[in-house]
Amino acid sequence: MDLLNIDRRIIFVFVFVGVAIPLMLDFSFPIKPTEPVIRVFDEFERVAGEKDPVVLVSFSYGPSTEPEMQPMAMAILRHAFSRDIKVIAICLVADGPGLAEQALAQVGAEYGKEYGIDYAFLGYKPGLWAPIINMGQDFHNAWPRDARSTLISDVPVAANIRDLNDFDLVFDLASGDSIEFWWIPFGVEKYKFPFSAGCTAVMAPDLYPFLQSNQLRGMMGGLAGAAEYEHLIEIPGSATAGMRAQSVTHLIIVAFILLGNAAYFASRRKVTA
Amino acid sequence: MFLTRTMPTLLAFLFGAVAVIIYYVPHTVAQEIERELSLWLRILYAFAYFLGLYSILNLHWNRISRREGGWAYSGVAIASFLVMSFFVVYNDGAGPFAPQATAGGYQWMFTYIHVACSSTMFSMLAFYIASAAYRTFRARSSDAAILLVAAIILMVGRVPVGRAISDFFPEAAAWLMEVPNLAAKRGIMLGVSLGAIATSLRIIFGIERSYLGGGEE
Amino acid sequence: MRWRASRVVTLLGVAVLFPVVLSAQAPPRAIAFDTPNDAGGSITVTWPRVDGNGTTNHLVYVATAEAGPYNLAAEVKGKGAVLSDDPGNYGRGEEQDATHFVHVSDFTTADGRQPLDNDVTYFIRVAASKDGMEARGAITSAMAEANFINWAKTNNFVIGTALSLIILVSISLARRKEMFIRRIAGLEAIDEALGRATEMGKAVLFVHGLREMDKISTIAAVNILGQVARKTAQYDTLLKVASYDPVVMSVSQETVKEAYLEVGRPDAYNEDHIFVAGTDQFSYAAAVEGMMVRERPAAHIMMGYFYAESLLLAETGSQTGAIQIAGTDAFTQLPFFVTTCDYTLMGEELYAASAYLSREPRMLGSLKGQDIGKAFLIAALLFGSLLATAGMPFITHALAAH
Amino acid sequence: MTNDKKLFIGFVGLFAIVNAILLGGGYLDMGWTSLGVIVAAGLTISLYSFLYHDNPLFKLAEHIFVGVAAAYIFGIYWYQSLYGEVIVRLFSIGDDPGTTTQRLLLLVPSILGLLILTRLSVKTAWLSRISFAFVVGVGAGFTIPRYISAFVLSQIEPTIRPITMDLDGLNLVLIMIGVISVLVYFFFSVEHRGFVGGVSKVGIWFLMISFGASFGYTIMARLSLLIGRVRFLLDDWLHVM
């Protein structure tokens, strides 16, 4: 068999099996949180110490990244509700509302929180970053109503919010441009509110410069980040479970890369010999 | 020529200049303008969608009317568009002039067709990336070797099994992210931002008109 | 040397702490003024620094008449912020280090929170409170105003203006004499790819990413498309352009049409070959993938800003055996193009490519201007860090974003 | 019979049998939700079949997806923007709190929006340039000061900190070297030779590390998504987890 050019479909099979089998078995690896994730946790703890703490959670992801992002949303909502932090949620991508409502309803019920008083969901607004400018100027103008069509002034948790600076923390859950190209240049840069985020693993490497410059106070990257957060709040969820399949497939891919390189060097030696 | 070239350029200058200036003006009036402009942009994008819609339907309609190979599939695309559109307008019984319903055919098709298809397309990348990694991650040169080693350290170090193998992996992964990766990303960001600023300037001053289509003059 | 420095610090500490201990319960001498650089509705209240363990709280009261009633507007626990924590508005210095401040934008009455109005005089008292004892200071007054210029953004404005000048001057210089740009590897490959498509009698597929028309990567992509279209018109090769954004599609139609006109082949132009393939990311990716495997274009040219669809397209494309040339400033996606395409333009090379191909002064000059800007940034980095290390952080401060 | 046809019929048959077992065994009921799960599972497998090679199942799923997505976005833009932000306000539907000025101002984007649609006719297409000029002009104007602040100033300032004689100081020096060498790599006015060539070579090393980092992280992300999808197939559909 020519190892240099194995049919890619063989790799596909290995990847699929590497994911499917660990999901059906039960074993675990110890998890140790990394610094960016601990910083997110500390931000929520700081907020919990404020008077009447309110956090804005922006759901900027849709169902296509649900497996990575939803565990993060659940983890931060659990943390917030367990520390009596109020949550106002919004969506900046069109297909996000379903997931946001599902997460809020589920975690809200877990902690006996009441809609309107402890949390609210305001729905989706198109325009990429444009709603951020709008919120920075006048929150009620940006969201005249919540997602249930109640006038915003009649939603107790949001009634006293004037602009983004009235939040103790803004937290973005992002699967695309929203952290780097919307929230930071159009929001944080001008209004200077404390900002943290969770994002898909793809985006995480790009965000390290913002972590160091403190434009981003904490960051949870990918399913691994979510698993670390679940570890910090001591409520293991689907991210922790996913780490099994994740670990195994990573090893499979690394093995394939090493195999490919071994074959490559072996073939080169043959040529030179 | 004035109406087709000069006037749009003047308008771009006018709106662009206003958008720049109000950044430095904290007065309420400036803030109102900023808010209004961002609302207008949002509405314009909604209108632009219909151009895209026309183009996509036209593409498939042409395939059908010319009986091109696989034209029946284009029929499927148009049919599924029509079915979903019906549910958009029907709005679970409320009609199109009411807030969007949170249940009904539209939501059903969204959840079980749109979401299922997007997530599947997205997850296919897991297979592609594995095969791309296998085929192309070869230490052919020093540059390629650096990329290869960094990727492997990250892949092993970022999942719990890495720590189970050795503490070296998670620690090296964290350092790679926080120092060399940060430096490269920052350098890139500075250069790209200068490029974006320069392009925006060219647009505002009417030097860059390719957004109007066609050559320079 | 070391012991002496530490003794100086101790002495200084005692000197600062001594009067403070005495005055812990003395009423603070407060000053109030309009909060600078804002849209109004806010008054800044300042008082001298309180050191120690932070057990003294400060309460700020606001009234609409000098006689009162005074309503609580803000409560500053413990040490609170000092002016130098907000250098954009208040600057840096010893005085700023020694003054606390708070922004007051509303006060609590029996009817709830009352926002401050602009151009109305408010009367303000600050009280120090400790262990339930309150010592109220003298009354001061101020008026909130909407400001016309945000002085905290001065450095931003200066840099923006300087950059504009550099770039505009470079462009006008470029119109007068040819400017040098280093060769960009991979660009010759475009010709090669078009040539092969012509030989094989197959189409060329152009894809320009997902970003909107006002983004630099899209503009660069459309410029490159113009050059590609000129060649395909000359060679009489079929060019297909799969767009995502409808505005970008429209502009591309105009660009290609113009290119065909220029080389005298308006008859060969067909608007239907420039189309929107899908209205969202993955339906677009699926449709373009389908086109690649079914229509088998001989060359795929992918220029612009890409997201996750990059690998879906490039990996599928590489399986069809087409020549693939990519260019993107989406760095996250670059590794995938680098590993699956024959040639890849990395980051700013995409911007440079459109200048290199067209040789148009507006683009060459702009590129030159960006290079000068980069040189300035490098100089600022080097000197700034040398000076900061030597204890003179003024460049660092001058470049802080406020 | 071609291979494609065999595959198609084989899959449909197998899929029907599996679903019959699931329905018969009581794992799925006859409701809309179960029907949805079955449809979603069918589409998921059809799209995955592209990994083997292009085939009728993939083509079918692809075209259904394209059609549904186009109408889905229609729903979003209509209810969230055109109806929700324009029509409601322009015609004061319900208890909308908009003022007359706001209503009049809304006419501007509405007209600009209609002008975009003039592209559909060759004669009037030039009118759409007015709208493009607005979109591009405003976008460019918003960009300049914000990019200077968020991506230039905010990124330069934390790089130029006092360099200390410890590990942090060393890292800071490395970051400085990395930023500068990457900037030099993207210099287009000089050939990459001699000293400049050496510095840009260092820049490439930094770039390669960051590409490696992105690649590693992306593998992680994509596998997470696959995990989610496999979970759907195994749990929601087949009930074997």
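We just call them A, B, C and D in the order they show up, numbering each chain from 1.
As a convention for this text, contacts are C-beta pairs under 8 Å (C-beta built on N, C-alpha and C of every residue); 3 or more make two chains touch, one makes a residue touch a chain.
In this text the structure is predicted, and so the values were computed from the model without any measurement.
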## Note on the structure
Most remote chain w.r.t. Chain D, using mean C-alpha positions, is C
### Task
Could you tell me between which two chains the number of C-beta pairs in contact is largest?
B-D
### Query
Roughly how many whole angstrom separate the Cα centroids of chain C and chain D?
20
### Message
Need the CA-centroid distance for the pair chain B / chain C, whole Å please.
### Response
17
### Task
Express in whole angstrom the distance between the two chain centres, defined as the mean CA positions of chain B and chain D.
5
### Query
In chain B, what residues contact two or more other chains?
20, 23-24, 31, 38-39, 41-42, 45-46, 48-51, 53, 56, 70, 99, 110-111, 114-115, 117-119, 121-122, 124-127, 129-131, 133, 135, 137, 147-148, 151-152, 155, 158-159, 177-178, 181-182, 185-186, 188-192, 194, 196-197, 199-201, 203, 211-212
### Query
Hey, what residues on chain C touch two or more of the other chains?
153, 156-157, 160, 163, 213-215, 247, 250-251, 277-283, 286, 294, 308, 331-332, 335-336, 347-348, 374, 377, 401
### Query
What positions in chain A touch 2 or more of the other chains?
12, 15-16, 19, 64-67, 95, 125-126, 189, 201-202, 204-206, 209, 212, 222, 224, 246, 249-250, 253
### Summary
The chain C residues in contact with chain D across the complex are 153, 155-157, 159-160, 163, 179-184, 212-215, 247, 250-251, 277-280, 282-283, 286-287, 289-290, 293-294, 331-332, 334-336, 338, 346-349, 352, 367-368, 371, 374, 377-378, 380-382, 384-385, 388-389, 391, 393, 395-396, 399-401
### Task
Over in the complex, which chain C residues touch chain A? Could you list them?
113, 115, 281-282, 307-308, 331-332, 401
## Note on the structure
Per the touch rule above, chain D residues touching chain A in the complex are 51-52, 72-73, 76-77, 80-81, 95-97, 142, 146-147, 149-151, 154-155, 157-158, 210, 213-214, 217-221, 223-231, 234, 240-241
### Query
Which residues of chain B touch chain C in their complex?
20, 23-29, 31, 48-53, 55-56, 58-59, 62, 69-70, 117-118, 121-122, 124-125, 128-129, 131-133, 135-137, 147, 185, 188, 190-192, 194-203, 205, 207-208, 210-216
### Task
Going by the contact rule at the top, pick out the chain A residues touching chain D in the complex.
9, 12, 15-16, 19-20, 23-24, 64-68, 94-95, 123-126, 144, 151, 184-186, 188-190, 200-202, 204-206, 209, 212-215, 221-224, 242, 245-246, 249-250, 253
